[in-house]
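One chain, chain A, appears in both complexes that follow, with chain B as partner in the first and chain C in the second.
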Partner chain A sequence: MQVFFQTIVGGVSLGAIYALVALGFSLVYRTMGLVNFAHGNVVTVGAYLASTFYLSAKLPFAIAMVVAIGVTAVIGLVIERVLRPLENRDFDLMLIGTIGFGIVLDALVIMIWGATGRAVPSPVPAAPLSLFGLRIRTYDLVVLAIAAIATVLLVLFLSRTKRGTAMQAVAMDHEAATAVGIHVGRSNAIAFAIGAGLAALAGGLVGPLLYVNPALGGTLGIKGFAAAILGGFGSIPGAIVGGLAIGVLDSFAAGHFQGYSELVTFLVFTVIIMIRPTGVFGERTVNRA
Partner chain B sequence: MARNRPLYALAVLALVLAGCSAPGSDKKSSGSTTGPIKIALVDAQSGQLSSLGAWELKGAKLAVSEWNAQGGINGRQIQLDVFDDQGDPTTGTNLARKIQSEGYLAMIGTAESAVTIAMAPTLKTAQIPNITSGQSPGLVAVGSEFLFLNGPTSTTYDETLAKYVVDQQGIKNIAMITNNGSYGKGEHDAFTKALAKRSVTPVADQVVTTDQKDFSAALTAIRQKSPKLIFLGAEEVESGLIVKQARDLGITAPFAGGAPQGTPVFLNTAGAQNVEGTIVSSPYLSNDISPASKKFADAYKAAYGEDAELHGAKAYDGAQIMLTALKNSNVATGKALADAIRATKYQGLLGDFAYDNTGVGIFATSIGKISNGKLVAATS
Partner chain C sequence: MRPRVRLSLGFLFLLAAGLWFLPYGLSSYAIHVANVIIVFAVLAVGLGLCMGVGGQVNLAQVAFFGVGAYATAILTTHAGLGFWLSAAIAVAATAATGLLVATPALRVQSHYLGIVTLGLALAFTNWVTNAQIAGGAEGISNIPVPTLPGVDLSSEYLYYYLELIIFALALAFGLFVVRTALGRRMRAMRDDALAAGALGADVPVLRMTAFLLASVYGGIGGVLYAGLIRYVAPESFSIANMFLLLAMVIIGGRQSLVGCVAGAVGLYLVRELLVDHPTFAQMGYGSVVVLVVVFAPTGLAGLPPRIRQAIARRRGRGRETAAQLAEFRPYPDLSEISLEGGDPLLSIDGITKQFRGLKALDDVSLSVPAGQIRGIVGPNGSGKTTLFNVVSGLYRPTAGRVRFAGADVTSRPPYRLSRAGMSRTFQNLRLFGDLTVRENILVALDRSRTLSSWRYLIAPLAIVRRDRDLRRRADEVLDRYGLTAFAALPPESLPYGTQRRVEIARAVACRPTLLLLDEPAAGLNGDEVRKLGEMVRSIRDTGVTVVLIEHNMGLVMNLCERITVLAGGKVIAEGTPAAVAATPAVIEAYLGDSMDLPSEVTS
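And now, the complex of A and B:
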């Protein structure tokens, strides 16, 4: 029983990170119908920026995070601006374009910070809480809280602000949205910027849990992408549920199947997707691909 | 990799052109007697194992630049070219063909046993001697006369460790956590064997994957057995994460392992206070063990601005052996060079190298303990 609950606790903490990565994937997808394959690399960049400001510039962790999110949002804007001429013309080229950006970011990270990684000490030094024999890291609680706040803010932005509603409109029908005077390019740019910001948030938060190296975003990107698909690609609550589900699934698979856990995780994932191709929340409002 | 692309295209073009010319007219592509001596260094410069590749490059480069500063070999400079295998066996086999076609005399690397094993058949056919930093017993099983190790195999590491832990310390309540990569698997098998020889069965035997990030399930299972010691068979970063999460879960037992557990990456990832008391089996415990290692560590620090560690030292030894063999054999190639390496007796940083027929040149490690954030020789 103790193993069971401890496994859930471990899975949820990484699951929250996967959820943040999935949110970024989903936001860009619902707005543009585009899978941003550079997303995982943006996570790496975010993780490096946050750790650099935290460790080298000695900024407080929270401020380092905010700066990192700001800088990566700008990178998101750059990616969108470069790809904009292709929007609605050649979708495949746009996809390849994001892959290309991923490779460029990967190379830049290695050029700037080197191939070896760095360890980030936990910004919350408090000892883990002990609860009925379960051990819960205080930092995990911080991660969960921040992920929850970020989700709420995102939902409020999309549903309560004019800009957010405009983005929703573009997602549903971009021609009609253009007709009523919504700037589609700007809407896409905002989606990319927020998506990149979320990636930086995930990367920055995961730094103290893991080890920041150029390969960091690769694993998180794949798991986050799977989470987005599992929850229903393009769905905001789906991204959260999918992220937590992948985290916990991964954790249990690791406990029961040991060396074959990765295989089992993705087998289960495949079976779920075969039964429910649109994912748990399968709201396919977006169909521009 | 990307910046090598035009070069690669050129190489392909050259190959096509060579294929067009008359047979026997392209002799000068390899084994030339003028110009720089070309040695390839193949290692992960990107990806999860890139820290290994970076250390290895630094160690080998240091040895080469020392030789070049003294005028090279027979008045020829040594040219060390770096190839990135990304820690991937498929990329490795492609690189093996590439260094063959570009006329490299010898190869240094890789630091990953799986990649080296994948490259070995091609290098054997091409008769290119290779000194690897891998330590898996699988390297010996390949049975290539062109493959040499620059350190002991896992069997030596783990036999020494089991001897210290079980025979000397009398610890029998041991749990194991290893990954299913080639290094982790080698460690798992070698240590289980060493324990079985002492009729000790591990109380828990957890296997994790190489890119797993959350170890709660495996570690909670281990915690329930309350072992006295936990054997750790995984690379630097993963080992560090395992130890960090184990301490968060309230496991206080010390860890024990091989080379990765003696590195700064392991220590930093886990956090210095978490690795206190870790038992390490290593052929190179610290930079202060001998005058030679002090000299090496000073040169390393001067060149790269960081402290030297085992992997850099291993690669340095390997490169020194390669260059000594090249000098002794008057820049021989192929089988003659392999024989020259086998005949080289070298007093290195890791100890005295004397190669046997299996390509292993050194058969001893020492036991160290992490104390106050530093790896020091264990007082048994």
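And now, the complex of A and C:
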């Protein structure tokens, strides 16, 4: 039983990271119906930027994160601007376009930071807390807290601000949104920027948990995507639940299948998608003839 | 046309000769590069067939490649089998993997399919990196040289010829598939899976076929690679290589197999030139992918037609006058065949369709005897199209049964209903945009099952003969509907009224016993509506039962023998046009208080 709970605790902090990645995917998807395949690479860029500002520029961890988020948001804006001509026209092409951006970002990361990785020390004291006999790393709590705050801010932005509501409108019907005077392109750009920012947040936070290397974002991106689908693509509570579920699943798979954990995670994910493509909170859309 | 054929034959001969004599001018390193390029070209053709032609996002091509290579390696080294026996088993294993990877495609498409296939590809690399039998991260070395009597295949110069022949066969087979019935159907599915299904294309089998083709090409690539390098390791089948392969296909032009090959050759050569700066190369091809997607979605292969068009435009378009729509030639009258009496062809019994809170159809029952022209009218949102969607299998009803030609067909998939003799048009036109008008008709004429595509392997000549026959029949259809002048044009370039006529011609080409027309007169002018009426009557006279949804009351009153009126998802009246027009409930539903005759109500 002890092991069981310890495994869950171990999975939750990575799960929160997956949830942040999933939120970025979902936000872009619900606004423009597009899956950003470069999202994982943006996570890598964010992780490297944050670690560079933190380790090399000696900025405080929080400031380093904010700067990293700002820079990656600009990357998001660039991706959206370049692919804008395809918006609402051909999603398969846009998907491939974002893969193209992913390839470029991947090369860029290797060019700037080299192919080898780096370890990022934890910004808070490393001694784990002990609670009911479970060992909990203090940094895990930091990750959970920041992820929770980010989620609340995002929900408030979407539901309470004019811009956020406009984005919801675009998500529901981009033509109707245009008709009432919403700039759809700008709304999509903001979605992309926030999505990239969330990716950087995830990347920055994951630095002290995992080894920062060029392949980091690829794994995080795919697992974050799996989380988004599992919860129901485009749904914000779905992204959170899906993220935590994938985190725990991952943790169990790592415990039971060691090297094969990735294989097991993806197989389970594939089976789930086939049984319920709309995920837990997803809406069944009707195909109109 | 003729001189062009001769020209391209000549070009092909020169190309073949050039490729045949290529090794004489190459260093031993260059021939190695050439051999690897051919492997990538085979892989790219497979990916092009699946993604470009079949529209199935496939990011697992590199895993198919890996299964082929690893299976060969494992069978030759661990099981001690001969190379060619191992190769055959390896290709079969890859095909099985392909079918397995294809199963998610039956449920999800586009982005979802992309991520699932990518996940499965990662699962494969994860497996080979860990599995004992696959040699872990070190991989498997010492794969034996493939043997061929009289030819020493350890020489890369001779191996080149083996690869070249296999590649030529693979490409030729791919082109053969694309240009005949199977490829046409795959392209139709890519453009509009829903309409393809309604025309009788068995979409699930087609999707499986697309992945099967991709995996067989992947397996062949893997076998060739194992025989060439004689060493396999996980990093050759990484996601980076998957994206490289994808870039080849996109840059070359995913919808053209020759384009895919050009992309593979071009991109690999550029990468080879920049071998000391791999990240620059990666950045370069990544950027090119983005640029291609935005500015030239058809890739390199799409450039020549674009240039030709531009030249033609500069020379002035006055030379060819706009194509003219010819008159519809009525079918020979067969109405002596007794159509009256007998069982109803279509009977709908207590159909209810609920969308969450909304009851779009509420206990709708109606039956249509064979040979009738039935009109279904009702205000917007009264459930007419929903009823069609239930009858044609696009929606599963919440309750109730649909009987067609004596059998219960409730919730049968559209393609099976189409095969059983039901055919339909769509309110918003669903023509296949990337196919020509003739090909649109050809897709409908082809009533074969996709499962019978195994004949592509053993009886290609029969396929060619059947295709020729289909083309002849397509020309007859085009001629009858006055569409011959538009045969080679994409449907989107035609006037709206003409597109409507193409859709009707396509629906009738399925040889239905029941034809469902969803607002066939929408957007037509008065003269076109009159011609439409004649057309529908002539189609009925060949023994086809017609049910049409229409807002144009003039047409409905004229054409239909009986009319069913829907309002709020319920049948509120049924009878002859005159009787229905006089029913108070209908007048109320349709006109509110006004008593004007609804002759001008369109859309």
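The definition used in the following text is that the second predicted complex is superposed on the first by the 278 of 289 C-alpha atoms of A that agree within 3 Å, B and C clash if a C-alpha of one lies under 4 Å from a C-alpha of the other, contacts with A are read in each partner's own complex, and residues count from 1 in each chain.
Definition applied: a contact is a pair of C-beta atoms (placed from the backbone, for glycine too) under 8 Å apart; a residue touches a chain by one contact, two chains touch by 3 or more.
These numbers were taken from a predicted model, which means no experiment stands behind them.
On the shared subunit chain A, the superposed partners chain B and chain C overlap sterically. Judged by the touch definition given at the top, the superposed model places A:103 against both chain B and chain C. Once the two complexes are overlaid on the shared chain, A:57 sits clear of chain B and of chain C alike.
Once chain A of one complex is fitted onto chain A of the other, the partner contacts of A:6 are limited to chain B, with no touch recorded for chain C.
Shared-chain residue A:153: touches no atom of chain B or chain C.
After overlaying the two complexes on the shared chain, residue contacts for A:83 are found with chain C alone; chain B is out of touch. Applying the stated contact rule after C-alpha superposition, one finds that A:172 touches neither chain B nor chain C.
Applying the stated contact rule after C-alpha superposition, one finds that A:128 touches chain B and leaves chain C untouched. After overlaying the two complexes on the shared chain, residue contacts for A:266 are found with chain C alone; chain B is out of touch. When both complexes are aligned on chain A, the segment of chain C among 20-28, 92-100, 380-388 or 434-442 whose C-alpha atoms clash with chain B is 20-28. 103, 106-107, 110, 259, 262 are the residues of chain A that lie in the contact sets of both chain B and chain C, per the superposition on chain A. In the complex of the two chains, the chain B residues touching chain A come out as 2, 44-48, 50-51, 53-54, 179-180, 206-209, 211-218, 220-221, 224, 237, 240-241, 245, 248-250, 265, 268-269, 271. Remark: chain C residues 55, 57, 103-104, 106-108, 110-112, 114-116, 118-120, 122-123, 126-127, 129-130, 194, 239-240, 243, 246-247, 250, 279-280, 282-283, 285-290, 293-294, 297, 355, 385, 388-389, 394, 426-427, 430, 518 touch chain A in the complex.
The part of chain A that touches chain C in the complex is made up of residues 34-35, 37, 82-83, 85-86, 90-97, 99-108, 110-111, 218, 222, 225-226, 229, 259-260, 262-263, 266-267, 269-270, 273-274, 277, 286-287, 289. Those residues of chain A lying in contact with chain B across their complex are 2-3, 6-7, 9-11, 13-14, 103, 106-107, 110, 114-119, 121, 128, 130, 135, 137, 209-211, 213-215, 219, 247, 250-252, 254-256, 258-259, 261-262.
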